[in-house]
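Common to both upcoming complexes is chain A, partnered first by chain B, then by chain C.
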Partner chain A sequence: MTATLTPAPERESDSRRSPLAWLVRFQSVLGLVVVFVGAILFSPTRDGEIIFLSGENLTNIVRAVSEIGIIAVGMTLVILVGGIDLSVGSVLSLAAVGSAVLLVEDQVPLVLAVVLVLAIGLGFGALQGMASTLLGIQAFIVTLAGLSIARGLARLWAGGQAVPIAYGSGRGEAPVAFSLLGERTFNGIVPIPALIFVAVAAGAMVFLRVSAFSRHVYAIGGNEKAARLSGVPVTRVKITVFAVCGLLAALAGIVHAGQLNQGSPNDGIGDELDVIAAVVIGGTALSGGRGTVLGTVAGALLLGVLNNILGLNSVDSNVQLVIKGLVIVAAAAVQRFAPRT
Partner chain B sequence: MRRSTRVIAGLLTAGVLTLPACGTTSENRGSAGGGQARADACTGPDEDYLIGMSQANLAEPYRVRMNEDIRRAAAKVPQFRVEFADAGQDNSQQVTDVQNFLTKQVDLLIVSPNEAAPLTSVVAKAYNQGTPVILLDRKVNGDAYSTFIGADNVEIGRKAGEYIAQTLLPQGGNVVEIRGLPGSTPAQERGEGFRQGIEGSQVQIVDSQAADWLREKGRETMDAILKSQPKIDVLFSHNDPMAEGAYLAAEAAGRAGGMEFVGIDALPIPSGGIKAVEQGRLSATFVYPTGGPEAIEAAKKLLITCQDVPKTQILQTELITERNATEVYNRENSQG
Partner chain C sequence: MTEGAPLVAMAGIVKRYGGVQACRDIDLTVQPGEVHALLGENGAGKSTLMRILSGDITDHDGRVEVDGEQQRFSGPADARAAGIAMIHQELDLVPALSVTENVFLGRELRRGGRLDRRAMAQRTAAVLARIGVALDPARPVERLRTGEQQLVVIAKALSVDARILIMDEPTSALSTSEVDRLFGVTRELRRDGVGIVYISHRMDEIARIADRATVLRNAEVVATFDPRTMTTAQVVEAMIGRPVQQVFSTPDTSSGEELLRVEDLAMRSRRLQPGRRDPDGISVTVRAGEIVGLAGLLGSGRTELLETLYGVGSPGGTTGRVVLGGTAATPHGARQALRRGIAFVPEDRRLAGLVLFHSVLANTVIASLGALGRLGFVSARREWRAAQDSAARLGIKAAAISDAVGTLSGGNQQKVVLGRVLRTQPRVLLLDEPTRGVDVGAKAEIYQLLGELAGQGLGVLLTSSELPELIGVCDRVVVLRDGRSVAEFDTEQAGEADVLAAAMGEKLAAAGGPQ
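Presenting the complex of A and B:
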């Protein structure tokens, strides 16, 4: 450990110019390209046409990873400040249930319902951030508790059963506009959830470029004490980051409800692990301070492509689990031996 | 470095947006045409057929057995090749699995849905574009599917109730019921049928508690019930694993001898209910058929012999006691 750490400053200045370091920095984008090419090679074909490359299949992939991807953007911020949020799968479920109950049973207008559900996610995340920073409890513990609390709240709110969403203008029906989340736009080609994912990721990338907030996030993750001493509002930034992650988990939950036409209190179990996997494959260090939203997007897409090509080839589901685990280890290993940038 | 990140970011975002878009125009036309051409999916015995089987999860032995039954039955049809997908109890994953099968343009889909509502639209999409869909065990909403094959849980519960009332306790007695997961349809229906079955008899339900289908919870629940109920004649459980758990509890308390245990499911696997009856732990269990062989039978009609299949096929249960346990176990495992 020390051996790799000591020469780091020297190597860093070298790596600025080295193309190898550049490749490592964008390892997940590179990894995505590798997996993508592999998928083309291993794709089943039909009448000489590569099934994997069909437009329908590619859009399916982005749609399938959109929920995980949306949350992973928030998770990247949390991990950058040295935190972790284990509650996101439960918050997704809570938001899905909330959307269904508010729209179907309570007949709340669409915009208000969406705002309320997002506020719940934001508030939940902010509370976790406060518990973590103000009470000085590790984020792992706080959000482990949050995972349990949000799941319990979702089950209570739903009455233990999934709340089905039917569309229409009558009583007990959700506004038809909500069903758009399960559909496609631009001539029925681009799935709406994929658009939302891209918008969230692009928004986060732009925001991290232009705002001082970004410097604060990286500074805290790099060295929290030094950041505090140099005037970074550490507590406020951390609470904000957890709130954003909660907000995005809730957004994913709304998308989830719209895609599946129900709010189930049992959905999203284990999603936090997929999200963390996307972030780690994306090259963000779990210790904080190092990583990019772009990497995370590539990480999420990499997982999606992998899942898709394994599915298209009907690889045994148990073998799939093993392969996905190995990919995560490989990504972490690349990071471990990467020159620090 | 900052600049390059921005450029890449821009490229990737643009790529995500445009890449699928440009690929899709031609593909869309292609698949729509394909759907039309396969509106009549039946093309006779001279073709080979790819069947996609989307399973809700492989954590339940019942569903592992369902896949196994399908695999065996399909092995006897030379034209059929079956590919399996496991959604791991995840609705989103199952939607993705079905979409993958559609992308591959399978000739027929077999789906055992995790839940109805989330699967409804993707199943309807498949059916409406001309791919026959066979639903196993659980339905989707609406009627956009070719056929549903499943057992009638109310009927099975009623048969269990009648068996207990007429054969085990003709003079009446005390029954404890261990229920499946609260809120789940099979638990509601098996409980409802059971009450119909014992109606008018001297049999009394003295306690009824949920153990969520799980063996270990069955044991835990029975531990508590044994303390509060001094006289239990029959334990009726909504599935075999909970009945086995309850048996362990009663045996540990030294009371298994004076009780009869009745379960449901009767899976023909080493850890299943038929073996438990054969080995004397359960008095009886009722077969909850997987529908696997029937699904392949229906697929043959839909693809090869071009016959009509009924919209709904309800499978019959079978009573398993020590008299027929060995025979049924061997019969179920000798097919194929």
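Presenting the complex of A and C:
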């Protein structure tokens, strides 16, 4: 089929596809490449071998970012509709505690326990979405309350302290299968959490490409009023998006429990900030309607590589915090040059 | 008009946006006491030129002289200091601030280091009185209707006591009587020696108020006319570069079955919203193949009627009957309305119609995704074809349908909105000011399209503040006043004067249309 459009006069149709515009569009991926190359250059060596590039180190990076990354996929959706979810760190902790308590203390079968915990995350997210849309309260406020509520529930459920997970078939022991979350597959190369992260991200990318739902998500974030007048079920889509984010936070919590062999009600504090940082570095606009899951994945990996190389070089952790903050500002600054209408 | 030293002389103005040339070598002068009209299709370069004069755009080539002195403005405040004020087409107001706060934004009056609220309120009230507007200066701007907001923008510009005043489509949301008052003030300013640049699409206004008319096309000056002798055909030909025959009219089509009947519709908002005029007894019918116009002054309830029929008005209870295709139907939200074959094009396409930074494609298909795939999935190929099809059918001028819709001209943006609602295959179209801020060429195309749609058996209910258009395009015109339908005219028999008289409530013998 040939284009039937008349080009507007004096308009270089490829002006916005200039190399610079292209760079800006894939800035998060390019940022990741830059940080990656920098990491190679600054990596310490052992016997002439670059430690950063070793298979074990690289897979460790992906594992280290897997929990943040899984949640960041959900957060991307929330931010795309113009919302925000501050409760994810607490929901992660609630899910980790839930996994440990259900498996160890309540002896709930593995599959049922996982389903229950995921349902808790989904329900918690959906409730926040409802409070935000139906009561007309800003998502920031609702999820700030959610952050507090989920943390409180986690502590109540755990009885105030971490619930350790031992594996076996006896009483007070969790099914051995759950410990897989801390292990690697494919000849011990690929960490299971990394695999889950990649699967979630890939699924989301495909879904965003082919679904009507995703068009609704982008339209709502772009102009909620126009979306509503176009017949987009705005309330339903927003509630769904918050529910998905809660579900993914719970999934990350299960992974967390499996990796650490415990469910601690004090874990995941501040995770929401890392998650939001990954999304923002990935180029998603906090105002909504603009962004990609691919960018978010790149953003999460960028943070992971940065943490990793700073750690390999034994940079003081407080200095790491400062550098991370500067990277977020730099990413946001680059977005200022994004082609606007 | 004095032919002495010009107040403003712009020479050799050049401005590019990337690959787009917005102004190429434009010369323009404004004499003291002159109203200089600027005409041209959207995208012809009028707004860019005026944003240069008002200091909003600073990276341009060419000279700007005020009173014979070359100026190089570093920003709008600089231009304001030189006596230049601009009434923007986009209503640049801060919604949450009051009328007074908006009028004095950035140049608040102080006394002893503290804000002098009383003086600001008094001066705002004075300038509002000057243009004959009864508005509470303390009311937040967000609670005003578009037309009232436009009056606030005008008041803001007038309060500066500018020597050069730029008006960019100042009347697009004003009623006829408000336009008259604005012109009264304009004439006063002219007597005081103020130079005025007046951008408008309305030929009758330019003939009434302007001393000189300059036409821009493709970023260049193509013609200058004397407004007293110019004809619409001459101007339109200069604007679009080809001759036109009849601009606004649609063929009369024989009307068929009744699609929409509204009987004595009234609505009581649950929450009182100042400035809203909810329907309070409106009866109107739309038959297949008919274009029915809603006339009325600002605040007569035209927008509110369309919103209520689409089910997106303010929440509350309705009385009266809405009969759609023979069955009674209570309007309840956009989704339900679309399912029943009613589509709505809102008044403000930027705020309520489009996602400006999304593509033409995304904006075109968003209301009809269900038809472009199945089970919640969408075929990218069918989506692309659908958008391409709409773009071709409506003659949307864009380099590519993947371009952001915000880069298109106003007329093309409106066509995208129309394309979207037509993809939902409606039987009744509700159009709120569909040609507002749309250039003459696109206007003619939109009205031609409406004529074709009516020919295919659609029913159209549309509002417009431009009476000649309404009468030229519609088969019947229903006049609203204070939320009530007060008269109905067959446009074959009634003219502008009849409709206007009914809208203003004058008991003229000539206005005896059927009730």
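Quick note on the criterion: the second predicted complex is superposed on the first by the 323 of 341 C-alpha atoms of A that agree within 3 Å, B and C clash if a C-alpha of one lies under 4 Å from a C-alpha of the other, contacts with A are read in each partner's own complex, and residues count from 1 in each chain.
In this section, contacts are C-beta pairs under 8 Å (C-beta built on N, C-alpha and C of every residue); 3 or more make two chains touch, one makes a residue touch a chain.
Remember, predicted model here, so these are calculated numbers, not experimental data.
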Checklist entry - Between chain B (first) and chain C (second), which, if any, makes contact with A:R209: first, second, both or neither? => result both
Checklist entry - In the superposed model, does chain B or chain C contact more residues of chain A? => result B
Checklist entry - Between chain B (first) and chain C (second), which, if any, makes contact with A:A226: first, second, both or neither? => result second
Next on the checklist: In the overlaid three-chain picture, which partner chain does A:T235 touch, first (chain B) or second (chain C), both, or neither?
Outcome noted: neither
Checklist entry - Looking at the overlay, does A:F186 come into contact with chain B only (first), chain C only (second), both, or neither? => result first
Checklist entry - Looking at the overlay, does A:Q107 come into contact with chain B only (first), chain C only (second), both, or neither? => result neither
Checklist entry - Of the partners chain B and chain C, which touch A:S314 in the superposed model: first, second, both, neither? => result first
Checklist entry - When the two structures are overlaid on chain A, which partner does A:G289 contact: first (chain B), second (chain C), both, or neither? => result second
Checklist entry - So, does A:R46 touch the first partner chain B, the second partner chain C, both, or neither? => result first
Checklist entry - Do any residues of chain A touch both chain B and chain C, and if so, which are they? => result 16, 209, 341
Checklist outcome for this item: Residue set of chain A touching chain B in the complex reads 16, 22, 25-26, 29, 44, 46, 49, 51, 53-60, 62, 64, 67, 160-162, 164-165, 182, 186-190, 194, 198, 201-202, 205, 209, 256, 259-262, 264, 267, 269, 292, 294, 297-298, 301, 307-308, 311-312, 314, 316-317, 341
Checklist entry - Can you name the residues of chain C that touch chain A in the complex? => result 18-21, 43, 218-219, 310, 312, 334-335, 337-338, 344, 346, 351-358, 362, 365-367, 369-370, 373, 376-378, 380, 385, 388, 391-392, 395-401, 403-408, 420, 424
Checklist entry - So in the complex, which bits of chain A are touching chain C? => result 1, 3-13, 15-16, 209-213, 215-216, 218-219, 222-223, 225-233, 289-290, 340-341
Checklist entry - In the complex of these two chains, what residues of chain B are touching chain A? => result 1-2, 4-6, 8-9, 12-13, 16-17, 19-28, 30-31, 58, 83-86, 88-92, 95-97, 99-100, 103-105, 115-118, 120-121, 141, 182-183
